[in-house]
Amino acid sequence: MLTVEGLRSRYGRIEALHGIDLHIDSGEIVTIVGANGAGKTTLLRCLSGLQPVSGGEIIFRGESIAATPAHKRLGRGLAQSPEGRQIFTNLTVEENLRLGAFLFTDDRVDQDMENAFQMFPILREKRNLAAGGLSGGQQQMLAIARALMGRPSCLLLDEPSMGLAPILVQQIFDVVRSMRDLKVTVLLVEQNAFGALSVADRGYVMETGRITMEGSAGELLADPRVREAYLGI
Amino acid sequence: MPELMQFLLSGVTVGAVYALVALGFTIIYNASDVVNFAQGEFVMLGGMITVFAFEAGLPLPLAALIAIAATAAVGVALNKLAIEPARGAPVVSLIIITIGASIFIRGVTQLVFDKQLHRFPAFTGDEPIRILAATILPQSLWVIAGAVLVFIALWLFFTRTLTGKAVLATSNNRVAAQLVGINTNWVMTLSFALSAAIGALAGVLVTPITLTSYDLGIALALKGFAAAMLGGMGNPKGALVGGLLLGLLEALTAGFISSQYKDAVAFVVILAVLFAMPQGLFGRNAVNRV
Amino acid sequence: EIRIGATVSATGPASFLGDPEAKTLEMLVEEINAKGGVNGEQLKLVLYDDGGDPNKARTFATRLVEDDEVVAIIGGTTTGTTMSIIPVAEDAEVPFISLAGAIEIIDPVKHWVFKTPHTDRMACQKIFEDMKKNAISKIGVISGTDGFGASMHKQCIAVAGDYGIEIAADETYGPQDADMTPQLTNIKGTAGVQAVLNAGFGQGPSIVTRNYSQLAVGVPLYQSHGVASDGFIELAGAKAAEGVRLPGTALLVAGILADGDSQKAVVTEYKAAYEKKTGSAVSTFGGYAHDALRILVDAIGRAGSAEPEAIRDAIEGTSGLVGTTGVVTMSADNHLGLDLSAFRMLEIKDGGWTIIE
Amino acid sequence: MSLLSVEGLGIAFGGLKAVDDVSFSVNPGEIVSVIGPNGAGKTTLFNMISGVYVPRSGRVRLNGEDVTGFSPHLLARRGMSRTFQNLQIFQNMTVLENAIAGFHLSEKGSVLADLFGLPGSRRRSRDARTGARELLARVGLANAAELEAGSLSYGALKRLEIARALALDTKVLLLDEPAAGCNAVETAEIDHLIAEVAASGVAILLVEHDMKMVMRISNHIVVLDHGVKIAEGEPAAVSRDPNVIAAYLGTKTEEPSHAHG
Amino acid sequence: MRLTVKQTTLLVLALLIAVTPFFFPSAFYFRVGSLLFVNGVAVLGIVILTGFAGQISLGHAGFAGIGAYASALAPVHLGLHPAVAAILGAGLSAVVAYVVGRPILRLKGYYLAVASLGFGILVSMVLSNEAWLTGGPDGIAVADLGLRQALKKLGLELSAPEFWYFFCGLCLLVGAWLALNLYDSPTGRALRALHGSEIAASTVGVDVPRAKLQAFVISAVYASASGSLLALQNKFITPDVAGYMHSIELVTMAVLGGAGSVLGAIFGAGILTLLPQVLTVFAEYEQVVLGLVMMLVMIFLREGLLPSLMRQFTGRGA
């Protein structure tokens, strides 16, 4: 589904990714864990096209997309719920969701919106309010729901549980799990490493711009280094 | 009071001119948060190109169409050659680019055409229309109708169409707009084309009243900018109301108080409104939680 | 080679005046050089565009004297630019012929400063003379707030009393205004107004004229010499402009001047040459530059030297020189050398000019 | 007398009562946590206490003084500082300068002294710089001091905000989700930092969704739901409260069973 | 010893001012240099207001107008020495800025821009309408500063352009020194902080309205000083000095050079002062080239000339 080979990226003169290799099979749920500043967000931004790559390849469904502009990647099935939520603060909640399905004009849009409202009922309550007025967690829900509106075949989630109440954190992981049934591939970046590894099939560990470990979720959960460095156990 | 009626008609005429210019600002602003200081040049181009096409023997409507199309092309070129390459630059830098563009366009116009004043005939004659004890020229009605129509079109565009929303989304959060699949470059191009076309339309409508010359744009842009801010930048309703209000203020001040200080009074009122409503009459308060 | 400097407002708010001035200077210098120059030497024109900004004008004047080392300066399209050039010319002791209207430029007389256009005061006097002739004693005035309008306004107020004329209504408009009906409505509403005088240049007077006709004010409208170009009739529309009176120069009516008119040859030649070269209608303002250069060249010729001091003295000695604005005779206490006879009272009839004297 | 006390605080947006009649108090050295579902009104409560919003009803008392509706800089002078859920970083400054800005009140002199670079002004700047470096070291950003703040990762920015808030001679510290975006290990570091600050006598008001952290360090917990206080008390008691479980905690647990150990 | 940014900037400036005259082919270049410095002084004010504090003003020429006309009128009507008049003008500008700034600085972004624009237009309108006092659009003469004559008595004989070159250069140096002091001072940091986030600035104790007002007043004094220098140097002044074109020009200079950096802004002032002189060779194409240059600089050096070049050079910001 998604293969990354030797991916490099830089901010000005400073390289943030020093050659990342990873692959995700269709329908898989893969997570990346790593400390602050490891480069997780930078990697996701490269995948969605927000961040220019300076080397390496991104192959998505058999095609190289490293040079594809960001706005075209959604059309190919790659959607992202970005770090910092990045919602349209001046537009209403409903407009935010509608724009999530910008590429579509069919009837399914209404259905998708209905699903989003069912997933996060608070969004229905606030549908006509400016999204900027939402609480932090509510904005996070909106960002996730908006990404789903794009009908992705591969979903990139950057810390989706951030700022969510425990009850919703569980729900988010349920949503991720449910992607499996919908045959949506998920790449999940999470600081809640335990939660992430619990739903994922496989995982990568990232440190200062490099992948340092990979394995099945179970292996990583059991690995003492992972437990000490990321799970705090 | 027959004078009052005349002042009102004058105010509405001038106000409609300002409103048209102010409406032209809205689209580019809504797409990029940039106040395009070359907007006045679009108005000027609309007038000048029509003049020269008309004098070259084309029928007026055709000349006007050519002017609008050509100006829209200039708008697109401005975006492609100057704004797009500067992507990611701070908003002030973009503003300076538009100021540079306005100087550039003025310079080219003066070379291609000339520095003289020009005018073409009013669309439907110069016979004043009497309203109560006052008169208004038929061309003023064209300008007023133009302002209202452009307003309605823009209002529908921004509230009823997905493309309109995409324009708003682009300025609100460009990164997110790309993530939902909006081709932000295309949105910018579209916005410049539309803004320029509206500007040119304004130029076509107002030239029989205001005359035109290569340097007419600066003053119009300034007044249009003030009108747009009075109404609330980015909101078509604000542009229309702000423009009309500014025109009326000027006319009433010139009529009743002092023609010397009419611009001053207009600005004092704008200041007063902004103190009470820092976002203009119809501007929305951006909600940003901390 | 004789270097002559010029700084005019070819762009900016006064480009309406400065553009024809620049073109005229270039054209005439070319012409003169083609005919062998002055005293056997070619003229070299160093021309700058100050955009109407007095500060820039001063800088260019400094550049002309210090860097380009010119022997004389022509320019200062507006009174503001002229006033800021004067100290430079006086300091550097270089003759300076201004193209601006205000009387302050040459009154009191400054050793190195001359000018070619009539003063604004003379335009007012000419208009008031005509009003007096038509038994008009109470008028409304509307003037532009730019330098031209404000200066002429001031002069007209100052001399109106001399002609027994009362100014009953006094209005202004901004140079870029699009509609003057409120001001004109007020003038129209002022009891007893027998005529209206508009002091201004650029698009203002055209719009005033159109609004005037729209409101059917019904008393004579006088414009100033600021509108003196054929373009005005076209811009205001022949119908609206019908009956408008103004003090103009011979240049405007070159075609209908009496054959014996002393200026006929000069204005006809200039008009033809200018219109051929630029393709646009000749205006009074280009005429000012024409006269300035003629006076300068004449002086250099008579002085037989290109020394600034000698040129200055020769300019002061100009006598009977026929220009587009009139016949110029200067003296130590008159650095203008024109009188009221140089103005002709014109009226627009059937879309063309007529002389009403 | 409590250092910070809140009495009947309330505010509404449109028709929505975002916070309604909430009261509690915080003593020096105490850590009080405010928890509740998303949109319960926690951040809004913070905004009212810290002067960003003016409450529609109720009182805020700081050290006995009624400071309701005071603007933030006046509260800062009285020893209140805070961090933000939506980061408020001075992007146009370096990391170090961000931290120095935290010392504004102690380094501020007269404008003229600053303009003319008088020795007093320079000395105060120097002191602030030294203090700022110490703080950065404390939150683990010593190496990033000279970087532009905009180039830090999210987690690093969170810690920078905490450093900035600690700079002042703080008596009351409001922390809005300080551990968001940090993994378990990083959270534990922040934990220690907060406990340390509290131990030095600062009253701390904390909003956080990481229950492990909240339960571990809070002396007292206030639970909000729909703007209303639905429970309050000791961590252990609150975590057993069925209302709190239903509205907020949920039943399933994602934590490994020995995580609390 | 490593020089600080402040020391380097001042050193570079002082050297430029002192050394370039040796390469001047004619006295005219002193005139251009002095104009550059006069503009530079005003632009420093914009640096403080816009570059540091992030507040836009399109009306600063209004303060230049106040300074210029104070220098013109106070000697005539109050019998003051022109230098005292200039200081009075600066004081008056400060007071006006204080009064006007209080309400308008509550506005943000373009709303502040349009309000300040309105202020500037009001000033220039008064200057050109109240002809009885100001001489109207045609301007008014300004008394001689007399300093040149005084220097002459002391044995230092300078031509007018030379005198103004060095005098304005000195003023610019002092202005730059003050601005640089401010940058790295508590007040300067407070201004830059509120530029980044007003709310965060106020939670660390910055009195945001007051800090903005301070920046506004200081920048108004700079603009006023610039206006006074211009009036005294030209010995003649028109309302153009207060016109909105001049305001926009000042902002453009600052942004073109790099609004956040003192040296950059002076660079910007230099470019927009020199360019018209250079562009005269293009005659009719002058405007076209000027517009083109502005666009190209902003497209390729988007943070302003100097900061962008420094970044290219060192790989990081200046």
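For reference, chains read A, B, C, D and E in written order, and residue numbers begin at 1 within each chain.
Basically, contacts are C-beta pairs under 8 Å (C-beta built on N, C-alpha and C of every residue); 3 or more make two chains touch, one makes a residue touch a chain.
Please read all numbers here as calculations on a predicted model, not as lab measurements.
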Going by the touch criterion stated earlier, list every chain that contacts subunit C and also contacts subunit E. B
Counting one step per pair of touching chains, how far is subunit D from subunit C at the shortest? 2
With centres defined as the mean of Cα atoms, the chain at greatest distance from subunit A is chain C
Distance-maximising chain from subunit D - centres being C-alpha averages: C
Please tell me the distance, in whole Å, between the geometric centres of subunit A and subunit E computed from their C-alpha atoms. 49
Express in whole angstrom the distance between the two chain centres, defined as the mean CA positions of subunit A and subunit D. 28
Distance from the CA centroid of subunit A to that of subunit B, rounded to the nearest Å? 42
Any chance you could list the residues of subunit E touching two or more other chains? 129, 199, 286-287
Listing for subunit D: what residues touch at least two other chains? 43, 52, 84-86, 88
I need the residues of subunit A touching at least two other chains; which ones are they? 133-136
Write out the stretch or stretches of subunit D touching subunit E in their complex. 50-52, 71-73, 75-77, 80-82, 84, 88-93, 97, 100-105, 107-109, 111, 114-117, 121-122, 124-125, 128, 148, 164-165, 167-168
List of subunit E residues in touch with subunit C within their complex: 25-29, 31-32, 35, 128-129, 131, 136-139, 141, 160-161, 230, 234-238, 240-241, 276-277, 280, 283, 286-287
For the complex, give me every residue of subunit E touching subunit B. 50, 56, 103-104, 106-108, 110-111, 113-115, 117-119, 121-122, 125-126, 129, 199, 244-245, 248, 251-252, 255-256, 259, 284-295, 298-299, 302-304
Subunit E residues touching subunit D in their complex are 54, 177-178, 181-182, 184-190, 192-193, 195-197, 199-208, 214, 218, 260, 317
Would you pull the subunit D residues touching subunit B in the complex into a rising list? 43, 47, 52, 84-86, 88
